[in-house]
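The next part holds the structures, each set out as structure tokens.
Look at the two complexes coming up: chain A is in both, with chain B in one and chain C in the other.
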Partner chain A sequence: MSRRHSPEETKIALHGVVEEMYKRMMKGEPPTMTLPVRSKTNIGFDKKYGVFKYGKKKTIRDATSLGSAKQLLRALHVVEFIEEMIDAGKSSTLREMYYISEAWGLGHFNSQNESNNLAEDLEIVTKCLREDFKLRPEEDGARIIGNVTINELNRRGEWMRINARDDVGDSGYGLPYNVENEKIQFLEHDVKFIMAIETGGMFDRLVENGFDEEWDCALLHLKGQPARSTRRFLKRMNEEWDLPVVVFLDGDPWSFRIYASIAYGAIKTAHISEYLATPSAAYIGITPDDILAYDLPSDDLSKNDIQALKAELTDPRFADGMWQDRINLMLEMGVKSEQQSLAKYGLDYVTDTYLPEKMAEAGL
Partner chain B sequence: MSVAKKMAGKGKQIAISEFFEKNKHFLGFDTLTRSLITAVKEGVDNALDACEEARILPTIRIRVEKKDSERDIIRLSMQDNGPGIPMKALENVFGKLLYGSRFHAIRQTRGQQGIGITGVVMYSQLTTGKPTAVISKIIGEETAVKVDIGLDTRKNKANKSNQQRITWMENDELVIHGVKITTDLKAKYQRGRQSIYQYLRMTSIVNPHAEIFFTDPDGETTHFPRVSNNLPREVIAIKPHPAGMHLGQLQRMLKDSDERKMTSLLRHNFCGVSQRGAKDLLTAADIDEGRKPSGLKTEDVSNLLEAMIGIRTGANGKPIKLLPPPTNCLSPIEELLIKKGLSKTIDSRFISTLTRAPNVSQGNPFQVEVGLIFGGNMPADKPVEILRFANRVPLMYQQGGCLLTKTIESVDWRQYGLDQAGGRGVPKGPAAILVHLASTNVQFTSEAKEALSDNEEVAIEVRKAILEMGRGLRRHLEKQKKRAKTKEKFELINDILPAIAEKSASILKLPVPDLSGSITKIMSAVICQEETTWDIEAKITKVNVRIFNYTARARSYTILATWPERNAEMTDNERGGRKEAFGLWAWKLETLDPGQHTDITFSLTGLEKGDWAETEIFYRGAGDIIGASKLDEKMLEEIRRQEEINNDIEMSEPSVLTLETTTMGEVGGGSISTPQVENDSNDEKDTDSISVESANQENTSEESAEKTNNSLSDEVMSKTADLFTQQTLFSGGDEQ
Partner chain C sequence: MSRRHSPEETKIALHGVVEEMYKRMMKGEPPTMTLPVRSKTNIGFDKKYGVFKYGKKKTIRDATSLGSAKQLLRALHVVEFIEEMIDAGKSSTLREMYYISEAWGLGHFNSQNESNNLAEDLEIVTKCLREDFKLRPEEDGARIIGNVTINELNRRGEWMRINARDDVGDSGYGLPYNVENEKIQFLEHDVKFIMAIETGGMFDRLVENGFDEEWDCALLHLKGQPARSTRRFLKRMNEEWDLPVVVFLDGDPWSFRIYASIAYGAIKTAHISEYLATPSAAYIGITPDDILAYDLPSDDLSKNDIQALKAELTDPRFADGMWQDRINLMLEMGVKSEQQSLAKYGLDYVTDTYLPEKMAEAGL
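Showing the complex of A and B:
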């Protein structure tokens, strides 16, 4: 498991990246950066952690093409920038780094995507976390409602005790980008499970219907594809409080991927899957069966949807027979449905009928 | 007799004014916007033709004013600096339909049937009831004639009024010679694709020797400058060729003839008919050689026609062998001038122009020219602009129904780098395609003369020319791509790699590594960078060729570059080198050690901007060079051999040269048309053909005879140069 690195360790690890380039040039060769292939063709199941991690396939980024050479130069600028931040005791967001790169001349980033990817590349190669690099994501942390109590270190450096039911409004407790122990401590809870929900509309529906109180659970709004901090928070609750996690999503190809990133690990962050993924998380719906069984209003699959489903068929995370059946069924039906389509049967139907039935099926 | 009087004297009249009053749409006066353009067109055509015939560099001024906006009355005035029209001929030129010296002569002219300017006078009268004011001044005369001309369409006669002699001043300056007409007509002025502006722009492209001023109704004046001081080659009238005959025409010729014998009639009144040819024709038609032409019966005439067009054959069962008509009656614009015309009006990255060798269709000589211009500011997502011309006259309407458009549409442009849905239709892209047909008999789909009718021989010629342009474009685009790639590599080793070295050294606090090894590994090739630039200050084209050796071995090469030897002088060539072949210069380079580079530079004078934008580089030596092609020695030998033949030709008498064409109606195959120039020294030397040629010689000055000579050898040379651009003929040394 990736662990936190001290500033000195982080610097040494980053220097390793620079040394690889330097040594190659001293030998009269083009400089290179070696990193794992970051695609579904190079992820495999890690039995030890029960999650999907990068395999052994390596890609060598060498300076024989202009694009790759520019990537190497950018990496060097980022390394230098991180060192400066470590030495100065500062941190910056990934977006700030993107803007700061304007001053890097030939090594500047053309898009924020490039800078995000490069930060991930460095994490992978150095086995450090971006928190070690003093880089913060821009990403929007999720919110949680329910009877859980945590301690958060506020910006005045004081610990604040917060109960995510009694101390918050209807929008719940907003997760900070850093949910590690140095920032968030888990104190106590009185819930039986956590339900992670894809859309804000459904989250608000369950809150309004008092689902969390009635079922003694915490509700977590994922905000679409969940941010790293959201997945990490879920993982910690699951591990430290031993709470079951159920996932309630739309019924479309993209929701399958959200579930996979929560339970199995995301392809982009497979280097730290054991740190982000919750293998025991249960998928509740909406399944393709539900669309039929509950006769839900649906939309036709788009070209992109179909392409996504077909790609999932060859994704090792969906190699399981149950997933293959689900994906093939959706392809056959040619339709998808949203969580909120359950409103067809009234506003209470989801809390009174659908979720109880589905949870019983899941054994909760 | 003055030139003007001589020209006017050739006219004959045909009375059909009344017919045309009823059919004004045929004449291009069907809509208010079109009427105005047609009026300008007729005036400009007349002016250009008159100037050309009188060997004057034309300056034309067009002014459009809105006289009465509510009633759509526009005042149009057009002034040229031509030879002027003699007083007596004025009413014929402006007041008789189908009056024109050209109607009875066979040669390439703009206004082919003289409907022209009279139509404008008539339209003006029909729509405003007013006559057209004409001022004409002949060279050498003290005063000008000013007269108002109206039209009696029933009698096909002009009504002259207010005739007087005046001292003609324009802008306080005495006009030396020329014609100015001012006419009011019901018309609408508009801008856009079908506008006076576009018409004049197109006219200016194909008439680089003309200077045109256009003042629009807002008073804004556009100047289309003159980019060449050479007048188009003087066109020579030829006699009709038997293969192009029609029955009525033949009957009339025979009836009107004073010849006493059929053989002399055939030899003296047709081109391409030798003594022997005349005898063969008569034998095939069963007509006695000695018969009097005017005494032939209808049946005889039709037999003779059948022999002429190849239905009746000779004893060998084949059509009677006739010589092709002479082609010096055509006046192509020529590649370089089209290039100049295009580049002055359109900003671009690539221009290619091509003038095909003359060909013959049904006894009518014709010649096709095309130009392709690509890049620059032209929109990339719109259909390409098609610029159609017939005998230097822009064709602006009925684009879809025109043979030239159809031929462009039939080409699959996708293979040449333009977008085209389904590989058919007008392609899309930042390009303009110019097609010019020069012919003694341009066949239009209608009297409006806006679209060429189908003609297979013409279509084949156009297609061949277009395909060659297309191949040029493809080569250009491929070269651009390669150039971009090479540029990237240089950015990598010159900018990025040193930055990587410095940054990594500074992070690790170690010395900056030497990069020569890394650079060699990254490039691992010999690279040629060619830059051809236009020096605005010095008005010269500069060429720089830099060869880098990024391999681990020492290399030695001979570098060869193409250059426009026909049109330019090579200067500032410090390395010296030597001439390898016509248009190909060679430099032997010193040995290039690994990591070294060397330059070859030279300048070209005598060219203008855009004339020479890309220099082709070849090499001789072991090991490929990226950015250059390996020279094919066999090809070079072939080129040298060709050159020798051409030199021999230049030595010999040019007047008896004939460009060989295949039998009437057929067109030679082969994609590279290398004209087979033949010294006509057969025993069966055609006496008649010589007499025609020498008659022509009488008319032409020494200078124009020389020009013909030059343009012929130019043509051969241009084909030689073409061999260089046929990249397929060279082994592709620059493929990696």
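Showing the complex of A and C:
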């Protein structure tokens, strides 16, 4: 299911975008670019991959209004910029591309959001990946600790064999922004599952309590909403090593979204959900039930939280009855809790009591 | 200048706090805790260390009001909690301590801020460090790439020799939260200086452009406002290896504060500035002058930005004429710029032109 393209293939795919516009103009017609609607109203379950992908609703961008014409002009500038980077062996952050557009006159971006979206648009149209375009995010990758061994091609062009337990300091192995096969290879492991954790404090707690050694697992710190590279890394471990993934998050509407992006696919990247999502990832908690059952310290839901929960009720990824119940229960309770609130019962409670109970409940 | 205390010494120092309260109560007097005023109105330059430290203004917390009495009660609970951790060989995040306080009845914390401040108060009173208390922050440490070799005592009790160029992946060596001598030893290096960088995007840019190899330097990603461990790590490299530190930040009021915390000492940690601050650290930019001289893309100052700049004008750390001019110039211009805005001139401009010019200007 590879969508990866060589530099030459990427250039050809990008030229296709330009060619389509050129041909229409030569016929005296306004150039166009056709894209799927990229919102929750247009995602649906893909049975083949078990993830959520864009549906059939399309938007057509054509150069009959000034705004759309500028968007197409930007796309052409970006195509040129990517081609220059490929030729020069360079890469760029999305933020740098935003600033580079300053020199594009009428084609310059008005916001970072615009340039991020355009990079994704081009992925959709060309079927390439952002990595092929040499564009990378600002955000940091995650870190992992555990007995898993990978090969990383470093910037000096040497393959380095790194064991994420024996060859790293206590901060673990930091994921690079490109975790595709030309950069990262998965060599071997001796773990039974991967636990993905939302906060650094809880990650450090499980490390200090030796949870990974007692349970033969690897621990991965998601750093909040996980970057693409983090989701892809999880997916590859799940697929190539057939390892179960267990997800342990805060108990709030944003954590539900984190889980959805890991297991079902994120809305913004629904065109590549089959690359990024791990359908079998199990959600451990903190569930709204847990807040009651374990009598956890909690905070009132903010207006933003309530809005997010209500939006989730109509999100196809949460259409399942269990999720509807969870979301409605949280709305009813009016509170949320953090993973670290388990410390109310002492520093060992999470590893001695909570996680063993929840893992047993989930049949793990 | 070691303030580090063994577990036994730490307990004795903490008992001193309790003893003082106990003795006053035995005399029929309300217990007290005396602390320096911890704001910019009470920091002054310390000639011996070349950093800013708390001055002579004191606040006395006594148990004659309910609020102060609760603060003293909290201090006693925290002393007990720290002693338990020392005995159990555990550590805890500040967030966990906040939640653990749920069980302290009247002594529980009302906000995370309260518990963070109390940890610092106890550092001041006992002359211990937070590391002695086994308390650690939630925030991540920074990462470093370059030809520097350190020894890290990992959690299995083994010393690991790690070269931050040859033994790590592209994400570099991640700093643990404790970088004191019992955990990190500085072995050897082959660099001429350290460059500390605010944003991940710019760090990756300098790595990709090979700036560290061309200039024989190590690159350190600060991750925004640097954690204590990051400032301490810089300080130790500066002191133990006699390496110059060069600081490269965004051009906004918050970056000025980052520089001040690195070079002069942060207000919240002014009791240990001589541990954390590197007085010789050189500020490279982005300066307000640069925004004009390099005609950089900029954003309007927000209300918050303007407020921060005005507060800096009366901050003793910025009393110097050069800083007053810089701050006033930014207020006058009404704009700020990011480091990555240099990409306006292409991806190599920062390493080919901007940094060489600024380094020469600074005599580096």
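Observations, loosely collected:
Here, the second predicted complex is superposed on the first by the 353 of 364 C-alpha atoms of A that agree within 3 Å, B and C clash if a C-alpha of one lies under 4 Å from a C-alpha of the other, contacts with A are read in each partner's own complex, and residues count from 1 in each chain.
Heads up, the rule we're going with is that a residue touches a chain if its C-beta (ideal position, glycine included) is under 8 Å from a C-beta of that chain, and two chains touch if they have at least 3 such contacts.
All figures in this text were calculated on a predicted structure; none of them were measured in a lab.
In the superposition on chain A, contact of A:His77 is made with chain B only, not with chain C. In the superposition on chain A, no contact is made by A:Pro244 with either chain B or chain C. Contact with chain C, but none with chain B, is seen for A:Leu175 once the two complexes are overlaid on the shared chain. Of the two partner chains, chain B is the only one that A:Leu106 touches; chain C does not reach it. With both structures placed on the common chain, the touch criterion links A:Pro226 to neither chain B nor chain C. Once the two complexes are overlaid on the shared chain, A:Gly265 sits clear of chain B and of chain C alike. Counting residues of chain A touched by each partner, chain B versus chain C, the larger count belongs to C.
Note: no residue of chain A belongs to the chain B contact set and to the chain C contact set alike, using the contact criterion stated above.
Interface residues of chain C facing chain A in the complex, by the touch rule stated above, are 85, 90-93, 95-97, 99-100, 102-103, 136, 138-141, 143, 152, 154-155, 160, 162, 167, 169-177, 199-201, 204-205, 207-208, 223, 297, 338, 340-344, 346-347. Within the complex formed with chain B, the chain A residues making contact are 15, 18-19, 21-22, 24-31, 63-66, 69-70, 72-73, 76-77, 79-80, 83, 105-107. Interface of chain B with chain A (complex): residues 488-489, 491-492, 495-497, 499-501, 503-508, 510, 513, 515-518, 520-522.
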